[in-house]
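The following blocks contain the structures, represented as structure tokens.
In the two complexes below, chain A is the common chain; its partner is chain B in one and chain C in the other.
After this line comes the complex of A and B, so read on.
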């Protein structure tokens, strides 16, 4: 078999699954080529290729595709429809491979296996691995084995993200009151939070302001607990995690304030944001929703962050 | 209990009278006006989509008029629609309204619909539930049939507004047809009424397919009566999504009509290989179908920030390029202006007419 170079655009689900994708393909004898971290040029390239008022993360994703498309043999853009029985991903992620094909004229082969637990249940893995096996001319059984080995637990997070999303309750992540530092919970979708360019380096900047930024990936029991508080199960995969993270932060006494980082015109977040603000924040903690689009400037974000911190200082004083 | 259900096109005409006869105290919201929209926008999340805002406005107006129960279909799809009810209830409670809210969380399942009908009405018998529900569906199909006739006669009419008057009468007649026999007697009558409109028989109008998110397509208030505007520009509208088809795909009450979603899925293959929720697959598939059938162009309409239609819009832009096929995407929200829409439609229709004159047919 030819040694294949598989391009993985650094956007959207990359920030949740990249590490396992990488190991999965390595096991199958392929090399993965992630695109570089987002820059202004990549975003500009994405905006140039998009044709409609799509949201910021999708534009960024397409920018990454533009960077990769001429230097790889294959593009890996999986179609994740549902990760669990009772959930869906955002329609834009469901249509992502098709949108990518529609936006570019000369793409390498796009590998777009379907991942749909709601429809296929336990067979979802087979559905997912069959097209991969076909494209790489490997036996389906081998690909399925590699999948079970590396991807079955999506809790794997990329090293970079793991460093930042240390569990809230690990004592070293939270700073004690006595230190005079504020603990601020930052919630949002991984592809915004951990993209340094899109989040305008929010983590770094808040540390510079002497604040301890926290983020977390809620586990199953935390998600279930949060869903019990709101009237209806949130059926978007990532939206659910955002809501659960918000719930944990609002509940925890050591967290002084919560920032919700979302992209402007994000469909699910327009609704979950409302839920978070009205249903979950019952103790009236300082809460700020920060929406990003391609016109957002570093300075704008920084000013709002400073104002937010000043406000918390006033409230807690 | 005075029950209200937010508007969706002509749907309320299909069920109000029938349900009233079976003991449901129906209070349909007043027809949407600018006031409805303003009320909705004022209390909605900023980036909620237009149908959400109009529905919320409907609810507020209905509650102000004395309704005290709301029925809002729900569901679990990738589109936001399934979550409307939760957020709307939260907003209305915050505004201090007291009401009962019920959502049907499996609106695609026939048994769920029947249970809902039995719960709100005097109907106890399951069979009667089916009978009433299917009568409502047939009435909806009749309303859609009248609208299709309207699309045909509107561009050809000689006296302006004739066709609109006939459509209003037809809707009224269907509203009064509250049993199967009456409904079947009404339909030929309606066809006769449309046939009686004096028309310009020589006219061979430009045809335009109207596609997009179902609420904005079927609700003239949301799309600034785009079909009427096109008709007045002497354009024959071919609507790609119908409420009765949407219902038929789920409940199969018209056995001889093919399942439009499955059909669209087949048509869209190669461009959109998996339905991305909402009407995305219909939009893509029917654009290809209209192109094949020689419809002159497609107007694609959607609410601002609509997730499924943004996917579709990206893809049909590509189709337009690949196949040299005119496509116009229009986004609707509370800020859209009538002059803007008219200007863009006129420019689009001019383009289609010129293509036709120059004989650019590439099918």
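After this line comes the complex of A and C, so read on.
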């Protein structure tokens, strides 16, 4: 078995799966090398290598590939098609390994195992781990075991466990009314929300303006509850979680307003954004969708954020 | 006499107003920013001092994309975002206003108000196709001044259909219409319709635009746009007398609560100020940092995302 340095671009699914991926590869005797946090230069590299029609997060992802490609033995860019029986990821994420290969010459080996529950059902894990085993010269059974041990997020996880490991909003994160601070729920795809550069440091600026920003990753029961409110189950994997987070924030009286951070050219977000605004916000809570792209200046985001806070505080009354 | 100043430094124009405590406009100035906001502010203050130099300034509010810069130049008591400033002046003028349509040089806004409270708003993002700059650009291309556009539009008998989704498409569409032989009036009217469609598509989708509707910002000067909105929505658009300076009025209105003003006095018109900028080399973000200098050195810095430079100025 070789000791390999496995490069993991810090973008897209990284923000949902990085910890599991790291433990998985460590267990298999490999070292994972994540790219550094997004910077202006990384985004510039991404834009330079791609076509302009792609969305900001994909451009950023390819910028991270550019940073990593010459200093690792292989790049791990899994092809996630469906995480569950009745849902799909965005086509741009499905095609990510192909886009990567098309955009760069002189890439190291791109390890792109397929994860496709809709097609392979119970066999999805075996399908996923087989090419990994081949690339690392390990037995398929050994890799599948490591997968089951560490990558639990792909399967049904008991609600309490998800809550402990993945939920970002602790109960005490909400500040009491008496503090005079507003609680603002911020929803969006993890790769926008938690990339400080792409999100224009939204959490930091919210705190600077004296509000308490909240985020959460909904658990299974919250997702089911939210899906029951809307006409049909959301088809997009991550979009489902955004919709559920919106639902939790809308119905929680302690939350004063909700901001949906999305990326300008995001197809799934354009669907879920409408659902959230029209179907979920039945109590008409202050809601704003903040759309980001490579031209968006910090000032534009701050102006909207300030105006949103003024709106909740009813300063014109 | 005691009064309050409001400054709205926009991308294309800089507006300065003087109001009394009741909110009556005593003096105002509207000039092109021309990429030199400090000079625009200073020349407005020079004129203000000349005309109204004996008033006692009790408070200063700033707004617009250059609101922070204006604060550093004159010493402001309130620095407010444009949405709140526009809402305040509209509510002050028409207390039961329900909708504000504001179109400026490079951005546009839709603000919904119920019972004097902002309930929803939207701003255009990166596209300038629904703004004043677009109109100005097309007017130049048609060889008429932007002020004449509106009257040409009103004289149209059958507005041409012009694509409004993008300035580039609109331009090629207009050239095509000219080659086909449509007259100037019909093309200009088509242009107004295109801008209105663009605005409604970008900002108003799914929003309840109900009367009274106030139409403000520089583009409200154009009766062709007003007519196009009214035709499209079947509602009257009220254009206030002070339509181009409503943001500045709003900023001045907020400043009325000031206890002791930070205004640095009339000498702000004469102070020697210069700006410079550099790209911070300390991390790969390479933020563009702006500095304002007076004779004694740097008085303010901003533009960095980590706060390292910005904090030095405080």
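What to note about this one:
The rule is short, and it goes like this: the second predicted complex is superposed on the first by the 295 of 317 C-alpha atoms of A that agree within 3 Å, B and C clash if a C-alpha of one lies under 4 Å from a C-alpha of the other, contacts with A are read in each partner's own complex, and residues count from 1 in each chain.
As a convention for this text, a residue touches a chain if its C-beta (ideal position, glycine included) is under 8 Å from a C-beta of that chain, and two chains touch if they have at least 3 such contacts.
Predicted model only: the values in this text are computed from it and were never measured.
Of the two partner chains, chain C is the only one that A:201 touches; chain B does not reach it.
In the superposition on chain A, A:40 makes contact with chain C only, not with chain B. With both structures placed on the common chain, the touch criterion links A:53 to chain B but leaves chain C unconnected. Judged by the touch definition given at the top, the superposed model places A:282 against neither chain B nor chain C. Considering which of chain B and chain C touches more of chain A, the answer is B. Looking at the shared chain after the overlay, A:307 reaches chain C, while chain B stays out of its contact range.
In the overlay built on the shared chain, the residue A:26 is in contact with neither chain B nor chain C. Contact with chain C, but none with chain B, is seen for A:293 once the two complexes are overlaid on the shared chain. After overlaying the two complexes on the shared chain, residue contacts for A:316 are found with chain C alone; chain B is out of touch. Of the two partner chains placed around the shared chain by superposition, neither chain B nor chain C is touched by A:179. Shared interface residues of chain A, touching chain B in one complex and chain C in the other, are 264, 274, 278. Considering their complex, residues 65, 80-84, 87-88, 91, 113, 115-121, 123, 125-126, 206, 283-287, 305 of chain C touch chain A. Taken in their complex, chain B has these residues touching chain A: 45-49, 74, 76-80, 82-83, 85-87, 89-91, 94, 271-278, 280, 304-308, 310-315, 317-318, 329, 331. Across the complex, chain B is touched by residues 50-54, 79, 81, 86, 88-92, 94-95, 97-99, 101-103, 112, 114, 230-236, 264-271, 273-275, 278-279 of chain A. The touching residues of chain A, when paired with chain C in their complex, are 39-42, 197, 201, 264, 274, 277-278, 284, 286, 288, 291, 293, 295-296, 298-300, 302-304, 306-307, 310-311, 314-317.
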